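Alright, structures below, take your time with them.
Below, chain A partners chain B and then partners chain C, in two separate complexes.
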Partner chain A sequence: MLTLIHAWRNLWRNGRRTAINASAIAVSTAVLIFTFALLDGSMRAMERNATELAVGEAQVHAPGWLAERSIYQAIEAPERVLEAAAGLGAAAAARSMGFGLLSSGPRSAGVQIWGVDPGAEGRVGQLPQHLARGEWLPGEAAGRVVLGAGLARTLGAEPGAELVAVVQAADGSMGNVVLRVVGVLEGISEGMDRSVALVDRRDFDALFVAEGRVHEVVLSSQGKVEAGALAAAAREAAPGLDVRSWRELLPVMVNMLNIWTVARWMISLIFVVAAGLGVLNTMLMATFERTPELGLVRALGATPGRVVLDVATEALLLGAFSAGIGAALGVGVATWAQVHGIDLSGLGAGNLSIAGVTLETTWRAHLTPGAVVQPVIVTLGVTLLAALYPAVRASRLDPVQALGHV
Partner chain B sequence: MNAVLKLAWRSLWRNRRRTLITLTSIALGLALTIFMASLGAGVYRQASEGAVRMQAGHLVVEHPEFRHDPSPAHALAATEVVAAARGLPGVETVRPLVVGQAVVATAAGSVGVGVMGVEPEAEIGASPFPERVVLGRYLEEGDVRGAVVGTALARRLKLEPGKKAVLTTTDARGEMTSELLKVVGVFQTGSEESDVFLVQVPIGLARRAWGLPEGAASQVGVILGDPDDLPGVAAALSGRVDPGVAAVRTWREAIPKVAAWIELDTRANRLLRVFVIFLVGSTILNTILMSVLERGREFAVCLALGTPPRMLRAQVLAETLLLAALGTMAGAALGAAVSGWVQAHGIDLSLFLSREEGASGVTVGGFMISPVLRCWLTPEQVGAHTLLVFGLTVGIGLYPTWRSTAVPVADLLRTR
Partner chain C sequence: MRPLAALLFVLLASGLLPGPSWAGEGRSAREVLDRADDLFRGRSSHGRLTMKVKTANYAREMTLEAWSKGKDLSLVRILAPQKEKGTATLRSAENVWNWLPNVQRVVKVPSSLMGGSWMGSHFTHDDLVKQSRMADDFTYETTFEGARGGRDVVEVTLKPKPDAAVVWGKVVVVARGSDLLPVEIVYHDEDGALARTMVFSDFKDVGGRAVPVRWTVTPAGAPGESTEIVYHSLEFDVSLDDGFFSLQNLQR
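And then the complex of A and B:
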């Protein structure tokens, strides 16, 4: 206790030095916390994009469908999967999948036709929220279609336009129908933008003579259950089916996330070095400047261990106090950036548009306990080390030398 | 002046440790910002180069309407454009392309695909596809019905070299047409989009399928030896092309997703660099401030002995200038050396990639980027950051310079 009181008084004996040290530690801690929260925020945004749009957290298919995508490889008794999902507390949406040629006048495109349940899609993902123009499917068999934006461009088709769909139906005949475009989807994925057309499942049944075949069931617990666990539970409930989590379905996305994790560590390292340098150099210089003072204490009879203990206590006290202020500051700024986001467009528009492609430019932080604890540990550790090294050196010097040290 | 500099120089080395600590703050700070900037530039350059070469090229000449309505009817007579582009300095390759959408069918099923009709000899060395063939061979001159397809498409349609498939589409007049394809090779680019979606055929076959005349192309891609030549070549080419017949577009307009991603990430990187410079600035401020504060007694002695305050200020300022010059030189050298090493050797991140089939790469907006990070170092980056940190150091040094003569002389001389 006496050591503590001692240390506290010592800190204020040279208030200016302490203030400089404290600001170095506080600024470093605050910037580190803010940066870590921003980096975690971009990571989270990528993960959410992967799952919330069209893929969901897990998907169920008939064995072999993913490789061949044949209309005949349907899920046996899909009701069983839907019931199992309800039992797990997850939302589920059934999709029927086929290929066909859509044409509008002289323009045509080979497309994937998805027969969807318009209501259920909104519960497993955010497809309905990504309409760039027009409306979502009406929820009845009315011959309506929603197109990806790239596909709409290829076909020159906007809401209100009529398209002819030609497909090879499940019974071997050529299916043929006129569809009216009601909406255009944008910003989901490159593949969906370019080649997916969504129709109601009942329309799909009629067009493909599909007899209610379901090829894909998308599951989502809205983040309540971890994706791997959800997939495992679904696998248990639906034996014999091919159940995969989004991590297994989107290996390229997982790679992106892995690379981003590494990049995050590299950026973090650069910041830790920059912030550590600030604390290290300031503290190192401050303690070296005190060599004559420490020599005086030694000359008065303090043991080397006593001197080191005193300096260490001072450094810890200063570090804890300043890192606390820095953490409060960092958490404050990060929380602000989590709620409001940082607009990178520089225009206050919230998005960036190049040649018709729009990207969301609001960068939101995501504050985790780790993003606060790690910086505090780093700055405290560096503070202590930067004080101990010169203190140990000074304590070993002959007091006479130390007193005359410049 | 000379005397002041000499005094400042000696004074710096009177307390070597203090000077070295301040110098490391400046040098490491500068080196970090240079490294961060060049790493960012390297990643964006790789991403754009990879995407550009998978698409038409750095510049695309196309029918003015093609961008909004990529229908086969919007093709252009390309012979003259190709000749004009080939004659320009800085141009590496000129690739006439016919692109369109079609359905490819085999007994195993039918799939909607993007078709790219190419001149095989123009592709080699210009686009990544020839070297990405994993089965069979790439297209050759003289192939009439040859086709190369992506691995994922090959798996789905049960295709391999030697197998046949039927390509069906509607031509420029709206008539259904079909062409027989003979697969000669299978490529794997690592980009899911290309491996699932793309079929390359000889340009003659594509012209037949869409009913286009000899010499027609939907796009003429121009690949440059050095992407920095883009503005010059774009201007030169625009001068030789009738704007009513064809539009010259840069890759930014042609693949806006990649351009937008790069723009956005560049801004994020710039923001982070501002944070690093802030940290560096605060470190420099703290060390310089502290060293001047600790020298109060020294200044007091000088002033008591009759040094004119102006002289003392000039000396402290000279010290700061020397520190800034030495620190930024060391920092620029260190930053350039580290970035140069990473540019030459790369940081291989493929260790962190999943080995699962079909996941051999990292993509941005559907285009593969290499998992080996490389810096791209330019004299401008080094110069700009060096000037910035030099200015920052000198600016920060002004306060201590002023402080040095504002010390309470008598008080400081009395105490230790």
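And then the complex of A and C:
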């Protein structure tokens, strides 16, 4: 306790220098916490957009479908996949996929048409919640269609508009139908935005003469089961099918997430070096200034170990005090950024997208205990390390020479 | 009968327009192309035909009625099956429109989908329209003359000119030696691999000249798949004014 009191007093002998250093350490801790929270926030947003919107946690296809996307490569007995999903406690949505032409007067566009189960889509993900305008599909075969925002722009079609869909049906005939636009989806993925039209599966069946063919089953446990484990379980339950987790489906995205993890460590390294140099400077100056005094202490019988302990305690105290203030500051700012988000829409028109997955224009931080604890521990460790050299140097002073030092 | 005749044009017309490339023995080569070209070019026609399509995934048969005028205008209407009855395709130069009676709309086929199948057959929309554009794209020469497979034939090989925007790497036209009418056209892709084969047979006398009324297209690498067209009636030089090939008439 006496050591602590001494250390505290020593710190404030040169109050201004300590204050400057304390604030430098505090700010670097705070910035580190804030940066971590921001990176975690964007990683979480990417992962969430992938798993809740574009892809789901895992997907099941017939072998080869992902490469060719032929309407004939349907999942055999898709019921067994749906049942298996239910057994795993995961939600599942069956999709039928085909290609066709949507036209609105003189405008037309080649599109991917998804036949979806409107209710199940709401259970596996957030698609129905990502409507920019209009409504989600009604749960009936009513000739309704929901378009990606980019596609809606291409076609000049807003909710209420009528489109003609022309497709090559599974029986070789030219399927065609009039569809009424009910909603426009936004901010999901580049691909969906530009070229996907969603219809009810029953409408899809009639248009494509698809006879109930299912090409994709999306699985989601709402985060309860890790995606890889979910895929593995589904693979076991539905042998012979191509089951992939979102990480396998979006390798570019996974790379991106890995890069961000590395970036997180690079950033902490930079801050660590900066903060460490600050502490080193403070402690070196502090011990240098007190050379005669340390000499006296040694002459009075203090062991070298005792001197090291004193100096190290001083540094640790400085670190703890500053990191505490920094943590409070960082948590405050990060919480603000988590609640309010940072509006990025001013940086560029429309949505940002990474690896084909769209990010919202509001960047929200995500504060985890790790994002606070790691910077604090790192700061304390660095402070201690930086104090070691001056501490050891002080302990090796020759008392006689030190006493004469001016 | 027209849209499909376009296929012939793709290759056959090519030698006709300024032919800078004809070699010494090109006389019969040019005549092979001329004969095939004269078959359909610059005239009007009207016919009824059936188209049978066999693929790994479906087999279908359609009865069609077709009209053509010149090399730019054609109209095809589906008579059967009942489900698609009335569906019609109009071609005017490089544009293709479909009339869809179910939804009472005309839909223009966008350029991005011109490479797609026409009516589920082994023909693409591009096959229907490419004729006039490809005229200057090939050089040609006679590569065989004489007896082959028990009949007298002339073989003409067409190669795309270096700067030609053509999907084929080589096209081989085989004609009967007797009247130089085409019996087979073999398409190779840009890597030289066989892409598809068209065979013409059942030559009938139509208005005083022989015309093949059965055309079979077999894609390479898809065993068992084919599209076969058989004309049941065909007449040339019918009087059709340009208004017949209009969007208004398409919707009739």
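Just so it is clear, the second predicted complex is superposed on the first by the 311 of 406 C-alpha atoms of A that agree within 3 Å, B and C clash if a C-alpha of one lies under 4 Å from a C-alpha of the other, contacts with A are read in each partner's own complex, and residues count from 1 in each chain.
Operating definition for what follows: contacts are C-beta pairs under 8 Å (C-beta built on N, C-alpha and C of every residue); 3 or more make two chains touch, one makes a residue touch a chain.
Predicted, not measured: the structure shown is a model, and the values here were computed from it.
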{"item": "First (chain B), second (chain C), both or neither touched by A:V217", "value": "neither"}
{"item": "First, second, both or neither for A:D171, with chain B first and chain C second", "value": "second"}
{"item": "Partner, of chain C and chain B, that touches more residues belonging to chain A", "value": "B"}
{"item": "Which superposed partner A:G110 touches (first chain B, second chain C, both, neither)", "value": "both"}
{"item": "Touching partner for A:L185 - first (chain B), second (chain C), both, neither", "value": "neither"}
{"item": "Touched partner set for A:R69, first chain B, second chain C, both or neither", "value": "first"}
{"item": "Contacts of A:L101 with chain B and chain C, given as first, second, both or neither", "value": "both"}
{"item": "Shared contact residues on chain A - chain B and chain C", "value": "101, 103, 106, 108-110, 168"}
{"item": "Residue ranges of chain A touching chain B (in the complex, touch as defined)", "value": "16-17, 20-21, 23-24, 27-28, 31, 34-35, 38, 42, 67-70, 99-101, 103, 105-112, 153-154, 156, 168, 190-191, 194-195, 248, 251-252, 254-256, 258-259, 261-262, 266-267, 270-271, 273-275, 277-278, 281-282, 284-286, 288-289, 292, 342, 344, 346, 352-359, 361, 363, 406"}
{"item": "Residues on chain C engaged by chain A in the complex (per definition of touch)", "value": "53, 55-60, 81, 83-84, 87, 98, 100, 102-103, 105, 107-110, 112-113, 116-117, 119-120"}
{"item": "Chain A contact footprint on chain B (complex, rising order)", "value": "14-15, 17-18, 21-22, 24-25, 28-29, 32, 35-36, 39, 67-73, 101-104, 108-114, 155-156, 168-174, 190, 192-193, 196-197, 252-253, 256-257, 259-261, 263-264, 267-268, 271-272, 275-276, 278-280, 282-283, 286-287, 289-291, 293-294, 349, 352-354, 356, 358-359, 361-363, 365-366, 371, 416"}
{"item": "Partner chain C, residues of chain A touching it in the complex", "value": "72, 101, 103, 106, 108-110, 164, 166, 168-174, 176-178"}
